[in-house]
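Shared between the two complexes below is chain A, which has chain B as its partner in the first and chain C in the second.
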Partner chain A sequence: MTLHFRVIFNNLDFLLEGLKMTFYISVFSLIIGFFIGLVVAFMRISKNKLFSSIAIAYVEFFRNTPFLVQLFFFYFGLPELGISTEPVTTAIIALGINNAAYNSEIIRAGIISINKGLVEGAESLGFTKFQIVRLIIIPNALRVTFKPLGSNFINLILTTSVAVSITANELMSNAMTLSSNTFRPFEIYLTILVLYCVLTFSLSGLIHFVDRKFISKGIS
Partner chain B sequence: MRKVLIVLLILSVIFAGTVIGADKLDKILQDGKIVVGIALGGPPIGFRNEKNEPMGYDVDVATLIAEALGVELEIVEVTGATRIPMLMSDKIDLVIANMTANLERAKSVDFSMPYLRTGIKILVRTGSDIESIEDFNGRKVAIGRGTTGEALVKKMAPDTEFVYIEEFTNAILLLRQNKVEAAIEDGTLVDYMAGQYDEFTALPKLYTSDPIGIGVQKGNPDLLRWIDMFVSQFISTGQQAELYKKWWGVLPTAELAYIW
Partner chain C sequence: MIQVRNVSKSFGSTNVLNELSIDFDKGVTVIMGQSGAGKSTLLRCINGLEKIDGGDIVVDGLSINEKKNVREIREKCSMVFQQFNLFPHLNVLENVTLSPIHVLGIEKKKAQEKAMRFLEMVGLSEKIKSYPSQLSGGQQQRVAIARALIMEPSALLLDEITSALDPEMTSEVLEVIERIAREGTTMLVVTHEVSFARRVADRMVFLENGKVLADQNTEDFFSSNNERIMRFLQKIEFN
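== the complex of A and B ==
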C-alpha cells in the first residue's frame, strides 16, 4: 500500500471549507444548547409542577432516543407538516436541542450543590429573587459544572459529523465527496480525524485555561 | 529498540491484510460463497421490497453469477461512495452496483464488459422551468457523491449548489419537499421514477451513453476473465434483454456487444 498525501494538499481548501462549516455548526449549536439547558434546568427544579414535568419529559425524551433519528425527524419528518428548514439550520437546531437535554442535567446538579446558606444569606441582605438567581445561583452553579459542561461541548463537536446524513456540507461531507472522487479513503479520513482533534483539543485547552485562570482559582 | 519493535509490529499488523495472495476466483470457489456489493437505493436496479429483501436488475445479475459459479450468494449493501473503497479493502468480491465504467475509476478497479448501458438524465418536478443542466446554476440539485452526474454538473454548471445524497430515493424526498430543484442520475433510475409518480418529469435529453460494468479488485485476472465470459454469454443468450424487459417493461434501447 502506497500513501498519496498529495490528494490532501491539492484539496486542502475544500477540506478547510468543510472544517469552517463544522466550526460554524458547533458554535451555534453550543450556544443554543447552553441557554436551553439553563432554562430547562431551572424549570426542572421549579416548584411549579407543570414546568418541572415539561422539563423532565424534555430531558428524558431527548436523552433516550437516537440522535440520528431525531435529526431525520427534524429534516425529513417536519416538512410534511409544512415546517421546512435548511440542512445546516436543521443540524444546528437539532444538535442544540439534543445537547441542551444533557446540559440541563449537569447544570441542575450544580444548582442543587449550592450551599443553602449562601441563598439564605443573600435573602437576608435583601436581594430580590431575580438577583439571587443572577448573582448567586448561576455563577456558583456554572463554577461547579464548568468542566463537565466542557466535555459535553466536545461531544457536541464530534456529533456534528452526523449532519452529513441530512446533506449539510461540513467536514465529514467534504471528506466523503473527496474520497469518492479520488479513492484515497485512508489518507482523507486520517486527515479529517486530525482536523477534528485540532477542534476538540483547542476547545479542551481553552476549557482548562479558563478553569485554571478564573474558575478553580482559590479553590483547591 | 523496544519502541522500534513495537512500531514495526503495529505496521506489520496494519499492512498484513494487503499482502496479495491467490486470485479471488480460487477463494470464491474454495469458500463456496461470493460476496457481492449491490446498491439498493434505486428501483428497478437495486432496492428492497416490502419484506426487506434485496430486489432488482443488479440482484438478478448477481444471482445468475452465483448460480453459474455454483456458490452461495451473499449480498452486501453499498452506496456510490462506499462501493470502491469496500472492494479495495476486500470487504466484497464484486461490485454490481449500477457503476459506470470510466477511465478514472479504472485506475482503481477493473471493469468487466458492460452488462447494461444507460445515460445521465435529469428528473424535475412536473411543470419546472429547468430544461437542461445549464439551468442548474445557482439552484440546488440532488447529486450522488463521485457519480458521473457530479462530474458532468461540475463541468457544465459549476455554480450549482450541490446537495449530496446517499441514495436516489432521498432525491425523490428532497424534490417532493422542495429542498432541491432537480436531481441528476442514470436514465434507468430517472425514467423509472418519472413513470411511477406523476409529480415528477424526466427531461428527454440523454447526456451520456455510459457502459455499466461489474467491478473487480485489481490483481485478479482469473476472476475478471470469468466475469467477462459470463457477461458475454448473458448477452448472447438473450438473458440480458429478458431481464431488462422484466424490470423496465420494454426491450433495452442500447444494444450490448458480446464476444463469445
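== the complex of A and C ==
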C-alpha cells in the first residue's frame, strides 16, 4: 500500500475549517453545559423536593441514554413538534444539555465537599445566603472541581465527532466528505485522529497549567 | 448590651442550655466549664448559628427570635472559631476585606486601607498576599481575628480559638487578644487557658450543665472556695 498524503495538503483548508467548527461547537456547548450544570447541581441539593426530583430525572435520563439517540431525537424528532434547528445549533444544544448532566454531578460533589465551618464563618460575618453561595460556595466548589470539569470538556470535544451523523460540518463531517470524494480513508482519518489528539492533548496541558498556577493556590 | 433570657437549647435528647440567663456588658468576660457544659453553644446561639429552643437573646435591643434581626446581630457580634474558617480561595487581604465590602458596603479601597490597620494590629501586614494554606495555624487565627475586628462589632465572640494550636502559636494569638482587650474591646471568651483568663478577664463565668454556676469578678473567682470550681481549676492547671 502506498500512502498519498498529498490529498491532505491539497484539502488542508477544508479540514481546518472543520477543525474550526469543532472548536466552535465545543466552546458554545461548554458554556451551555457549564451553566445548566451549575443550576442543576444546586437544584439537586436543594431541600425543595420538586427541584431535586427534576434535577435527578434530568441527570439520570441524559446519563443513561446514548448521545447519538439524543442527538437524533433533537434533530429528527423535535421538528415534528415544529421545533427545528440547524445542524450546528442542534449539535451545540444537544451536547450542552448532555454535558450539563455530567457537569452537575461533578459540581454537586464539589459543593458537598465544602467544609461546613467555612459557611458558618461566612454566616457569622453577616453575609446573606445568596452572597455565601456566590462569594464562597461557588468559587470553592469550582476550584476543587476544575480538573474533573476540564476532563469532561475534553470528552465533550471528542464527542462533537458524533455530530457527523447530522452533518454539522465539523472536523469529522469534513473528513468523511473528503474521504468519499477521494477514496483515501487511511490518510484522512489518520490525519484527523492526530488533529483531535493535538487539540485535546494541548488543552489538557493548559488545564493542568492553569490549575497549578492559579486555581489550586490556597488548597491545602 | 447582650441579654440572655431563660435560653434553652438541646441537641436531640441532650439539654445543652437549661433556661440559662445572663447579661454581658462592656469588658472581657471569660467563660469556663467542662466540655459539654454549653460554653460554645452559648456563643453560637448569640451569633445565631444555633437556633434557640426557648427564651430570648437580645443584642443592642434586637431580639434574635425575629428572623430579620439575625444578620444585624451577626454584624454586631463577630465570631472567631477554633478552626479559623478562613476563605481558602482568597488571600489574606481579600479574606479581611470581603465582609466590609459586601456586608457593610464599604468601597474596596477604603476597606483595604482599613484592613491594613487591623492586619498591622495582629502583626500580619507582611502577609497580605499569602493564601490561608500558606500560613501557620497561629497566623491563620490572627487573620480570622482581623477579619472579625474589621466589622467593628459591639462584641467579639471567641470560641476556643487556641484549642487547635500548639503552645507557641497559642501565645502569639493570646498576645494579640490581650492587646485588643486592653483597648477596651468587649469580648466573650471561651477558653481553657487559665493564666490567660487571669490576666485578661474582668469577669469570670463558670457554666455547668447548661446553667451559670458562678459569675464573679476575676479575683473572686480564682480565690473562690466553691468546691466545684476549685476542683476544676486544679485539674486544668495540673494539665
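Here is the rule we use: the second predicted complex is superposed on the first by the 217 of 220 C-alpha atoms of A that agree within 3 Å, B and C clash if a C-alpha of one lies under 4 Å from a C-alpha of the other, contacts with A are read in each partner's own complex, and residues count from 1 in each chain.
By definition in this document, a residue touches a chain if its C-beta (ideal position, glycine included) is under 8 Å from a C-beta of that chain, and two chains touch if they have at least 3 such contacts.
On a predicted model such as this, the values are computed, not experimentally measured, just so you know.
Chemist: Please determine, from the superposition on chain A, whether chain B and chain C clash or fit.
Modeler: These partners fit in the superposed model.
Chemist: For A:Asn140, select first, second, both or neither according to whether it touches chain B, chain C, the two together, or no partner.
Modeler: The answer is second: A:Asn140 touches chain C but not chain B.
Chemist: Regarding the shared-chain residue A:Leu118, is it in contact with chain B (first), chain C (second), both, or neither?
Modeler: In the superposed model, A:Leu118 contacts chain C only, not chain B.
Chemist: Touching A:Thr177 in the superposition: chain B (first), chain C (second), both, neither?
Modeler: Only chain B; A:Thr177 stays clear of chain C.
Chemist: Figure out whether A:Thr167 sits in contact with chain B (first) or chain C (second), or with both, or with neither.
Modeler: In the superposition, A:Thr167 touches chain B alone.
Chemist: I'd like to know which partner A:Thr128 touches here: chain B for first, chain C for second, both or neither.
Modeler: Only chain C is touched by A:Thr128; chain B is not.
Chemist: Which holds for A:Asn155: it touches chain B only (first), chain C only (second), both, or neither?
Modeler: In the superposition, A:Asn155 touches no partner, neither chain B nor chain C.
Chemist: Which angle, to the nearest 10 degrees, do you get at the Cα centre of chain A between the Cα centres of chain B and chain C?
Modeler: The vertex angle at chain A equals 170 degrees.
Chemist: Once superposed, minimum distance in angstrom between C-alpha atoms of chain B and those of chain C?
Modeler: After superposing on chain A, chain B and chain C come no closer than 47 Å at C-alpha.
Chemist: Mind listing the chain C positions that touch chain A in their complex?
Modeler: Within the complex, chain C touches chain A at residues 47-49, 71-72, 74-75, 78-79, 81, 83-91, 98-99, 102-103, 131-134, 144, 147-148, 151.
Chemist: In the complex formed with chain B, which residues of chain A make contact?
Modeler: Counting only chain A, the residues touching chain B are 1, 76, 79-80, 84, 87, 164-165, 167, 169, 173, 176-177, 179-181, 183, 185.
Chemist: Taking the touch rule as given, give the residues of chain A at its contact with chain C in the complex, in rising order.
Modeler: My answer: residues 115, 117-118, 120-128, 131, 135-136, 139-140, 143, 217-220.
Chemist: Would you mind writing out the residues of chain B in touch with chain A in their complex?
Modeler: Within the complex, chain B contacts chain A at residues 15, 18, 80-81, 84-85, 88, 105, 107-108, 145-146, 150, 162-166, 173-174, 177-179.
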